[in-house]
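Please read through the structure below; I'll follow up with questions.
Should a chain be cited, it is by its letter among A, B, C, D and E, assigned in written order, with residues numbered from 1 in that chain.
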Amino acid sequence: MKLDEKEIAGIIKEISGSDVKKCMKCGKCSATCPAYGEMKFHPHQFVTMVARGKIDELLKDETVTRCLSCFACVERCPRGVEPANVVAAVRVLAEREQGGSNFVPDEVPALIIADKEIPQQALVSAFRRYRK
Amino acid sequence: MSVNVSVNEPAVKAAAENAAGANTENKEWRPRIVAFCCNWCSYAGADLAGSSRLSYPADVKIIRVPCSCRVNPMFILKAFERGADGVILCGCHPGDCHYSTGNYYTRRRMALLFSMLDYIGVERGRTRVEWVSAAEGARFSAVMNDFVAKITELGENVKVGDLRCKK
Amino acid sequence: MQRLGVFVCWCGSNIAATVDVDRVVAEAKVQPGVVFAQDYQYMCSEAGQNIIKDAIKQYGLNGIVVCSCSPRMHEATFRKAAEAAGLNPYMVEIANIREHCSWIHKDKEAGTEKACVLMRAAVAKVLLNTPLKAGESKVVKRALVIGGGIAGIQTALDIADAGFPVDIVEKNATIGGRMAQLDKTFPTLDCSSCILTPKMVEAKTNENIRLITYAEVEEVSGFVGSFKAKIRKKARFVKEDVCTGCGVCMSKCPSKKGLNEFNMGLNNRPAIYIPFAQAIPNVAVIDKTQCIKLNTGKCGLCEKVCTAGAIDYTQQDEFIEEEYGAIVMATGFRPIDASKFDEYSYSTCKDVVTSLELERIMNAAGPTGGVLLRPSDGKHPHSIVFVQCVGSRDVSGRGKPYCSKICCMYTAKHAMLIRDKYPDVEVHVFYIDVRTPGKNFDEFYRRAAEQYDVDYIKGQVGKVWEEDGHLVVRGVDLIANEQIVLNTDMVVLATAIEPDPTARKVANMLTASIDTNDFITEAHPKLRPVESPTAGIFLSGVCQGPKDIPETVSQAGAAASKVIGLLSKNKLTTNPCVAHSDELLCNGCSCCEKVCPYGAISYDTHLINDHGVKETRRVALVNEALCQGCGACTVVCPSGAMDLKGFSNKQIMAEVEAICL
Amino acid sequence: MAVKIIPLNELEKLFAAVALTKKLYLPVEKAGQYDYAPWEPGTGYDPEVLHTVKSAKGVFFPQSEDLVRYKRDGFSLSIAQVAPEDEDFVVFGVHACDVAGFEVLDRVFLSDPVDTYYKARREHGTVVSVMCAKPEETCFCGTFGIDAEQPGGDVQSWISGDTLYMEALTQKGEALLDQLDGIIMDGNDAENRKAVNDAAEEHKEIMRKLPLADLTTDGFGKEADLLTLFGRPEWKELSSSCLGCGTCTYVCPTCQCYDIREYDTGHGISRFRVWDSCMYSDFTMMAHGSPRPDQLQRFRQRFMHKLKYYPDNYDGAFSCVGCGRCLQKCPISMNIVKVMKKLGGADND
Amino acid sequence: MQKVSEKVIARARELMHDGTVSKVVGWKAGEFFYDCEPNVFETEESLKDLVYNRFCGANLSKYMIKNSIASGGEGAGKVLVLLKPCDTYSFNQLLTEHRIDRENVYILGVGCEGMCDIDRIRERGFKGITGVLEADSGNELVITTLYGEGKVNIDDVLLNKCDSCKGKAHKIYDELISDNEDEGPRGDRFEGVRELEAMSPEQRFAFWQAELSKCIRCNACRNACPACSCRKCVFDNNASGIASKANTDSFEEKMFHIIRAFHVAGRCTDCGECTRVCPQGIPLHLFNRKYIKDINDFYGEYAAGEEAGQRGPLISFTEQDIEPGHAVVKGGN
């Protein structure tokens, strides 16, 4: 079933507990982010894109897995937007769309050997509850 | 005079019959609507609706009160007792009260009162609170049109009224 | 026995076109109590008013209903007419058959019927009206200004100029407030003390002004026209009338560890000190936490060197009690504590300073003598980063949800001044939005960017840290869409401003309402911006909301004019439609007191004789001078003891009944 | 004595037959509580129920009744007297105590000046009493000389086994039973009389065992000294917890006070009377205030009326029938028995 | 219960004897085991009738309006009042409203394991009850009647107010005699309200119509209510515009009960006296609990009388309060 933008926005809000409309575009999240350089879409852009409903692009992109979940942006956002949670919500959405994570815990050792650069978040996702 | 031991015959049935009778015998039924308006915002809003010639049904009769917080739940029940079909309460927008906090109290009181009326089975929508500023003549008119339409749809109030007041 | 008259106005064709006035008159004539009814083309005209006056006299009317336009239009007119004919003006009720009837209904039948109902409701109400008399209360011709910053000074000067005595109560040892700490002012860049000092001196010398410094208001009672205040004058340990302000004591004082408040704690001052050179009064004060003599009993050096003999270690707090007709709150602001934002390393890096600290660093009387030096090592900085909106527009709980309003402009000022004086210093400003509404404001900001080459970066700073003797700033440039890391020598934080912490206490004392940010609420945000909802309490300066100096000064003048208007009156007429408590019914439960926005309800315990049953009980009393007649108290009163004159329970219920008939 | 009988399971038929020509009142259950109300098909009758919440007095003296109606039209006013009851009705299932209660009211309302509204109802009403089934521990009708086994009224009846035994005591009663001929059967034989007698004896036995069986009226009534009784210090403690509600008064079969009030309908005024309670702080309120400003006085008034003033006025008859409703319903468990025990003869203690 | 009872009585005597108090407001033994009445004991001798048992449901707080004020004056001792945990809420609320002079009161908090309802025992078919004894097991009552003997489980015959209990903790006291650990609230007190809310408006109307039409306007609910302590009630005051003495029209019963509930909204401590005293068994607590539930839902949990000096929900507000139109929708079906 294809969800419309509004429904997706609702789901993201529900998962993240965060309201992207509160963003006043100060950029402090991006100024704070240690993984800034790793991301195609920087935290502030990410939030704006969610607010504008450009979720498809985000779902396809690796940005969602580049967030370290360090929560510096959550801590410092003056508007309580909690960008890391927004990213996490989109990631969950992506996982749901795939019917769960691509990885299972058993595959983790092999993956690390194969790709030393693999983001830790991707590995963590192997243990998530959406895993089949 | 009949012996009236069980004092309380089902009021609804009786009133409904009464109303049905009234409907066929008399002219078309029109709702009776009491509107309480605060002096500073909503009454002025109603004035503006008037000077802008923004019409709404004549069923609405306005009572001027200094502030929406002056409206005692007793007044609302009194209106129903006397056969009102709808009661609407208008005040300044929250935060804009002339007396700074009056409408905040109104909001709490009416939230509880309306919830109670609903709880005893009175049709939802017979009571309403609207915030109308002095500048919102058009809104005042729109609100009243909508309220009258809603009450007309609900029909005559037979659940809370004193039968003795029915003609 | 009521003898009522009903007067139906045609308002030309405004009413008569859709309301059959004859029928309204005929219907009026059969209403209980009505002995006279008449219509006329223009009731508000002189001829119309004469009809009313004549009828009142001829028929001995003791109440009238005028069916006409909105009472907001002509109620006063008809009340005056009634009064001229000897009828109490509050025995007049208006049935609004124009705005609420003829103008909105096209069907004449419906309009006429409704007009009759509105007339009937007004008759039902006026039957229960009682003559009301507007009360009078005295006006004490003296004003109190709480706070001696530019807002308080300006208000006091304007009131004093009008010839009324005024007291300024200032909690610090000198007046001058925050403005005295500023170096230059935007957008003209004139020297702050150059424009403030003359006003301070004027406040000192004006014979209508009494300065009560180093003092706080402890208690306020009373109401508009006659407040009573108790003021605590804290012990200075220096006789104010003897000290010459020579400053010898300061140089001799061995205890020099006290932080210099005036310089935002950037340097130290002695235990005995004069806050700054231009302080008014120019009198020393002893900081009792720092003074060796007061703490150990030894030393006493200042007493020895004071040739005037002004030192008095035994001084105690004194109390001043005074009556005032009006009170102005001018309690001002302070910057919020920047150490809450640990990402900016304010508490760990000396070279991260707040804007107000920078003001002191830039000021000739400041810790560096006006030379721009890094606080950590006293070296000349080559690069400075300004961070805007530190704690402003912040709903995370660490800051304030509002815009502090002045930061964009003073940051532009700082940037410009630095670039002007030290062209070698690179200046970066991280901003979210630059807000510059105001005369010559945007031009000023653009000058900083264009003429002085200040680097404005749209984006925020995420972290500041120290590395190899300099600061590293990581921020983002949202336009370039890149994260940037800058090495810099100083970081200046434009911290949000908040109401002075004393504001809440003072507001509570004055029953002035206060918002969630501790700013004082104005009586009306647009139409009564310098008055508090509590009569006789006025607002000046930042205690009402963030503002810059010109706004503060103009608001101070406005507050003063309101005070002058009040003090010019010999008596105050009070609104007679006020709450009234029936002591026989009153339970003394205090619910009414708690919802009263004006503090108009108090309690008294006295002997009450209820038809022979005597009992001493606590009952509510309404101060008619304070009550504004909103009626909030009447509804929380379960026993119905509290009622509102002019809009009594019975009157409103009578209207309801008449409408539902 | 002419006994008529009907099986209990045919009572519905009896009720229907009565209701054919007259309004019929009997104890009816509503939301878990019994009160006298008009019979409707299927209403049923539960002989086990001892007490309705309110006594049966309401059928003759309703809680609220219109007396006069005024109508205003312009400046003219028309007055319409509300006609007294003119239709016959039957009240079924009254127990001895409530029947005795009617007599207490009769003495007041039927003596000069006669209360025409009450009188009309009394004349048009036929009382069918039933011997109570299971007296409760709160019963003390015997104290006032009431014979619970001979419940009285126009027709008195007993239940034994599955049968209702009826006996007319007045002409009105006879007329009623005549009207029911064909539905009720003639049962005037020794066997049936024995059944009635046995039931009565069995009932008497229970009555003897009641905890309040020994309660006497000693110390009250005509012979008692009014001022001594009035001035007894015990009134203070007795009344100390009285809430001043009207429960005892409104459930009482003998309380007869009423207030006359008016209601403005907007089109006119109806003047009506409603039960009042001497326990209320606004009882007999006058311009100068209440004649009994504190609860002690109001409390004393009620019991003095029952036990002293009424006997003084009506030849020693008490204005309490011992039904025990106040014992069961008083929110704070204060009642006439406690008053009698505290202030009455030594035997009661 | 027996142990607590003995201690309470002994302590009351002691306090009277040593002059700490000059009066005791407590429960007095009645004619039968179950009809203890509230009483003001003024002498040591009279205290022989003081009881504390399973039938002391009456809330004594309201008596302190009169008795705390009246006892003032030089030399007069304090007034001892026995309060169960739930009664202390009412006491606090009255303190908040300045109706009680705390200085003159000595509160002896008494432990409570739930109070029994004689009507519920009767409803279980017991007639002619001559004796009620607490069985040794502690959870049964032995009922002797004119017609035989039987047992009931105490939990089945508790007062309606004890079906859900606010907890065993006293919110105010000078001294405590209690064996109970506070286990916090028990039972879902809003169950009845929810059931009604789940009904259709027509069903709700029919429910209330049936219940309220039983009302005889005896004012027991009002007069027993610690919150309804107005010196003169609006329904008794001819000048109020809504005075009425009987439900001559069925509107009046609705007016009475809605206004009564509204007047105590935010002040009602849910002490349950109204339902306990109603001679017609009208579940009046369903009105009060509706308001308590609404208040909790709309404005955050609030328990009137939890502590003295609280600011009630109807004399408070926030800028973000729910709009009345939404409140109705939130309230039920």
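The definition used in the following text is that contacts are C-beta pairs under 8 Å (C-beta built on N, C-alpha and C of every residue); 3 or more make two chains touch, one makes a residue touch a chain.
Quick caveat: nothing in here was measured; it's all calculated off a predicted structure.
> Based on which chains touch which, give the shortest step count from chain B to chain C.
1
> Based on the averaged CA atom positions, which chain is farthest from chain A?
D
> Looking only at C-beta pairs that count as contacts, which pair of chains has more of them, C-D or C-E?
The greater number of contacts lies at C-E.
> With chain centres defined as C-alpha means, what is the inter-centre distance between chain A and chain C in Å?
So the centre of chain A lies 47 Å away from the centre of chain C.
> Rounded to a whole Å, what is the gap between the Cα centroids of chain B and chain D?
The answer is 44 Å.
> What is the distance, in whole Å, between the centres of chain A and chain B, each centre taken as the mean of its C-alpha atoms?
51
> Touching at least two other chains at once: which residues of chain B meet that condition?
In chain B, 6-7, 73-74, 78, 82, 101, 105, 109, 162, 164-165 touch at least two other chains.
> Find every residue in chain C that makes contact with two or more other chains and list them.
595, 636, 649, 653, 657, 660-661
> Please give all chain pairs that are in touch with each other.
Pairs of chains that touch one another: A-C, B-C, B-D, B-E, C-D, C-E, D-E.
> Flag every residue of chain D that touches chain C in the complex, lowest number first.
Per the stated touch rule, the residues are 72, 74-75, 264, 266-267, 288-290, 293-294.
> State the interface residues of chain E toward chain C in the complex, per the touch definition above.
Checking each residue of chain E against chain C gives 69, 96-99, 228-234, 237, 239-241, 263-264, 311-312, 314-315, 319.
> If we count contacts the way the header does, which residues on chain C are in touch with chain B in the complex?
For chain C paired with chain B, touching residues are 70-73, 96, 98-101, 103-107, 110-111, 113-114, 117-118, 121, 513, 521, 523-525, 533, 577, 595, 597, 628-632, 634-636, 644, 647, 649, 652-653, 655-657, 659-661.
> Help me check something: in the complex, which residues belonging to chain D touch chain E?
Those in contact with chain E are residues 30-33, 35, 50, 53-54, 63-64, 134-137, 206, 209-212, 237, 240-241, 243-247, 249-251, 259, 261, 263, 272, 274-277, 280-282, 327-329, 331-334, 337-338, 341.
> Okay, in this complex, where on chain C does chain E touch?
516, 584-591, 594-595, 603, 615, 617-618, 636, 638-640, 649-650, 653
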